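Can you keep this structure in mind? I'll have questions shortly.
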Amino acid sequence: MEPIAGTAAHAAPFAAGQPALAKRPAAGDFDRGFDERVWRWAALSPALVLLLTLSVLPLINLFITSFFTVTWSGGHSSLAPAGLSNYRALAGDTLFRAGLLNTILFAAFAVGGQMLCGFVLALLCNQVTRGRVLYRTIFILPILVPGIVVGAIWKLLLNFDFGLVNQAIGLIGFDPVNWLGSASTALASVIFVDIWHWTPFCFLLFLAGLQSLPLDVYEAARIDGASAWQELVYVTLPMMLPTIMVTFAFRLVLAFKVFDEVYLLTGGGPGTSTQVVSYTLYQRFFREDQTGYGSAMSIAVIFMTCLLLVAAFSSRRQTGAAR
Amino acid sequence: MSAGARGASRSWLAHAALVGAAACVAVPVIWVVLAGFRTQISLLSGAFWFTPVLKNFREVLFSKTSDFLLNYLNSLIVGALSTLICLVAATLAAWSLHRMPWPRWFLHIFLGWALVFHMFPPLALASAWFTIMRSIGLDNTLTAVILAHTVLNLPMALWLMGVFVRDVPVELEEAARLDGATTPVLLRRVVLPLIAPGLAATSILTFVFSWNEFGVALTLTMKQTATVPVAIAKFAQDYEILYTQMAAAAALSILPALVLLIIGQRYIVAGLTQGAVK
Amino acid sequence: MPANGAGRGVTRRQVVAGGGVAAFGLLAPRRPAEAAAKAVPITVVINQSPWFDSFRKVVELYEKDTGNEVELDVNPFAGSLEKQRNSVRAAQGQYDLLVMNSGWFAEMYFGGFLEAISDIDPAFKLDPDIYTLDNTVYFDAAKKTMTPSGKLMSVPIAPLIPLTYYRGDLYKEAGLVKAPETFAELEANAKRLNKPPRRYGIVQRGARGPASVSYDFYPYLYGFGGGVFKNQAAGDYSVTLNNEAGHTALDYYLRLAKEAGHPQTASLEQAEVIQNMVTGKAGHIIVVVSAWSQMDDPDKSLVVDKVEFAVPPHAPGFSPGPGLGHWLGGIARNVPDDRKRAAVEFLRWFQTADAQLAYAKAGGIPVSAATYRDPISQERKFRWMKPLSEALPHAVNIYQFPEASEVISILELGLNQAVAGNLTAVAALNSMAGQIHDVMSKHGYKTGVEPPLR
């Protein structure tokens, strides 16, 4: 039986090279070694060059700026060293603290919700044989809509006086709810809109992952008499783990960066109930032009996101190893 | 047989669930597209029935202050080229990283750096890039936006293609090597067909992200090079949102992108599975 | 050159003809536009807005009149500031004339990003009819204040302040004769028109945003004689938000919302306030004047020709205090000199009475008092002009310093919490005043704070 693709493939590169060379010293191998050396670098270089030229400078710049205070006068900037004071100020910033809590809640529920919906939809779509392309096309629709339009449209739909949602629930006999304007429902509404907007992302990736799973594993499982549920838990999920983890990582990072929707739907309110970290960053860094402080906030958020991801990945690896 | 009947009812249930989900997903989008045909007051007063007007589309496409068709062309060029470059670079790099004998630490640093880069707020990057582009004279060009979008989407494409590349069984690659395949042949004939679904999915996502990207596109462009999201954002004015015109612009933006993706999906998957050597 | 014999020089006939032409040129009267040297093309950065179209038509008129070229780079409002900042901070700017919002022109002045108009062209005189909008067109770089002692930095492009919009037809029905002038009258009239949930007496903007509830609150605050700072023009940034006048203003604002206003005021943004008016659900709103065009547009409004305009109310003994949300046109420092001069030429033309009249006819909001004296202001379509011209001299520039957005964000949060009922008026005022004081001290301004309200 074929080993699980992911783990085996990870170990493969190191085993692949030597045995071939050791076993068969022939003229073709000399070419192959050269071929490998050239292609090792040639294949990596486009991405390497792009990242080096366009990502390193801005990042270093951001990191350095976080230790300064930037002011402008006479058309020129001056940087005054601020040591760690920008970082210390983060703890006292009410908007930043509220932002962290809301973002963690937002990320947990929104990302969790999207991944669940995306996975279920991908499973269903993979099973049916008719209309797969139609379903796939329909489920992609929400991410085609630009972020700013998503915000504007849902703001109208959730409007207290005239929105379609309140009209619809009014037909069933409920009172209109101030979805975006009352602190108890605002964050939930923003999370819902985000789930609506981003489930296609998870759906597409899970579907692609499911479609590239080897079929013989399923055949073997069926021969062994596994039920649908067992198939799902013991065969599908473990093989999909790399896809799930990467989707989760990128969705989480994107959730921490969510901006368009909050900007248009609630502006961080009511009160601070939908104040998310990226919105605080936008306020401090750009509207208030606190470049040094904003840079420190960016670095702090990145650091926290990294911690979260490391924690999530290492716990997964442990449970994966135990299996 | 019982298994068959069970299969049939399961399939019926699956279809029902899918149809329900499709409705949830599609109704707001249809509502947006229809809103492009309404007058603003009919939308704002929450009326359900309305008489369609073409005014919004006319305003969006042909008014003197609108460059929508130009923006559309710009978005297409930027989207297509940045997706192409991004996917080529990411796929090659992912294959190299996971299949070539790189030291472990190099792999982790490269991928880790890409992920950390992905966490940086795009607006902060945008102003740094603006300074670079302006100093070499590339600001207000499509080239700048193409490069920026390529780099922005590279981390995600790199990681995703990494997953799909690792799913290709090593034995197949070894077999092809033993048959004397050089790397280009190996990639074209063995690897590419197997990662086709993943490639299709990643290119769709990359294209859509580029198509809808606002912050960086706004910073690096001016009137002649602006993209569709910049045009759409102009309808959200400081105290009035021109909902119906924004909806018309959004409808114009969604439908062709959808058509392109449907065709593109089939083409990518079909084109790549040709000539697979099994 | 002569057709025959190229090297033979100019013929006598040509000299006479040439001299005749020159003489004619000297003697004939010159049009002012031709007298000025032909200016180089300039690029103006401006944002998309309802009044943008009128500005564009005026620019076309300028191009036709003078033959000079003007390129308009139109941006969405979200991102306008960042684009202008990027341009002025680069070594070579992309934009020559910046149309700046009241939210960020102070940053441009203080940062030294603009060149004073009087420095580019000492002969430039601001037309006496142009509204100086609480002296925001001037900047004294030494004292860092906006007073006429400073240099002329910009020319107003759109003098936007809030006006009271009210339903004239409902007034007639209720037997109310004149527009509300004092806050007491506003409260009484609003209660008269209040028939919830079909219609609210007044709809206010209580949501938290980049500049939402605070902008709604300024006419109340300043109309009651209160203010955020003691005397900005003199450089005194002592916080007076939580004095007695401020207390009265906020109490009034909250009472109005509770007794004659929308039950969800704390979540209403400007777009929703206007939405309530155009759908007929509001008796009064106090909103920026540029929304006037929506009121009479049958595609956008159910109350066509029913809305009247008035100067925002004030308390007896005090002046009305509409807060400025205006747009100013300033010239960037980091562009070539000939483009700066060309930009001055445009501004010189823009401030003339003829240009302003054309601006008004195209649907814009003129910045010259001359236009408000013109017969056009008597037309039904332009019935907002008279109240606007009465209100403009009282326009208040709330913030004269660049770190204003930090203060605004404090006000937004505190006022929103007060409107939502999460904080009492007293607690909100004290908390905001304390935080504003901290911010001003942090930035080194001369400041102080009142003792907390009880």
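All chains are identified by letter, namely A, B and C, in their written order; residue positions are counted from 1 within each chain.
Quick note on the criterion: contacts are C-beta pairs under 8 Å (C-beta built on N, C-alpha and C of every residue); 3 or more make two chains touch, one makes a residue touch a chain.
These figures come from a predicted structure and were not determined experimentally.
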item	value
Graph class of chain-chain contacts, one of line, ring, star, complete, other	complete
Most distant chain from subunit B by Cα centroid	C
Two chains sharing the most contacts, counting C-beta pairs only	A-B
Mean-CA-position distance for subunit B and subunit A (Å)	15
Rounded Å distance, subunit A centre to subunit C centre (Cα mean)	41
Where subunit A touches two or more other chains, by residue	148, 159, 161-162, 286
Shared-contact residues (touching 2 or more other chains) in subunit B	44-45, 123, 214, 233, 236, 241
Two or more partner chains touched - positions in subunit C	78, 82, 275, 279
Complex contacts: residues of subunit B adjacent to subunit A	10-11, 14-15, 17-18, 21-22, 24-26, 28-29, 31-32, 35, 43-46, 48, 85, 88-90, 92-93, 95-102, 110, 113-125, 128-129, 132, 147-148, 150-151, 154, 156, 158-160, 162-164, 166-170, 173-174, 177-178, 180, 182-183, 194-195, 197-198, 200-202, 204-205, 208, 211-212, 214, 228-229, 232-233, 236, 241, 243, 246-247, 250, 253-254, 257-258, 261-262, 265-266
Parts of subunit C lying in touch with subunit A, wherever the complex brings them together	78, 81-82, 85, 88-89, 107, 110-113, 207-210, 212, 264, 266-269, 272, 275-276, 279, 281, 333-334, 402-403, 405-406, 409, 413, 416-417, 420, 422
Subunit B partner contacts - residues on subunit C that touch it in the complex	47-50, 52-53, 56, 71-79, 82-83, 86, 90-92, 94, 101, 270-271, 274-275, 278-279, 287-288, 290-291, 294, 298-302
Contact footprint of subunit C on subunit A as seen in their complex	72-77, 95, 148, 159-162, 178, 180-183, 263, 267-272, 283, 286-290
Residues on subunit A engaged by subunit B in the complex (per definition of touch)	2, 5-6, 8-10, 12-14, 16-17, 20, 28, 31-32, 35-36, 39-44, 46-48, 50-51, 54-55, 57-59, 61-62, 117, 120-121, 124-125, 127-128, 131, 133, 135-149, 152-154, 156-157, 159, 161-164, 167, 196, 199-201, 204-205, 207-209, 211-212, 214, 228, 242-243, 246, 249-250, 253, 256-257, 260, 264, 278, 281-282, 285-286, 294-295, 298, 301-302, 305-306, 309
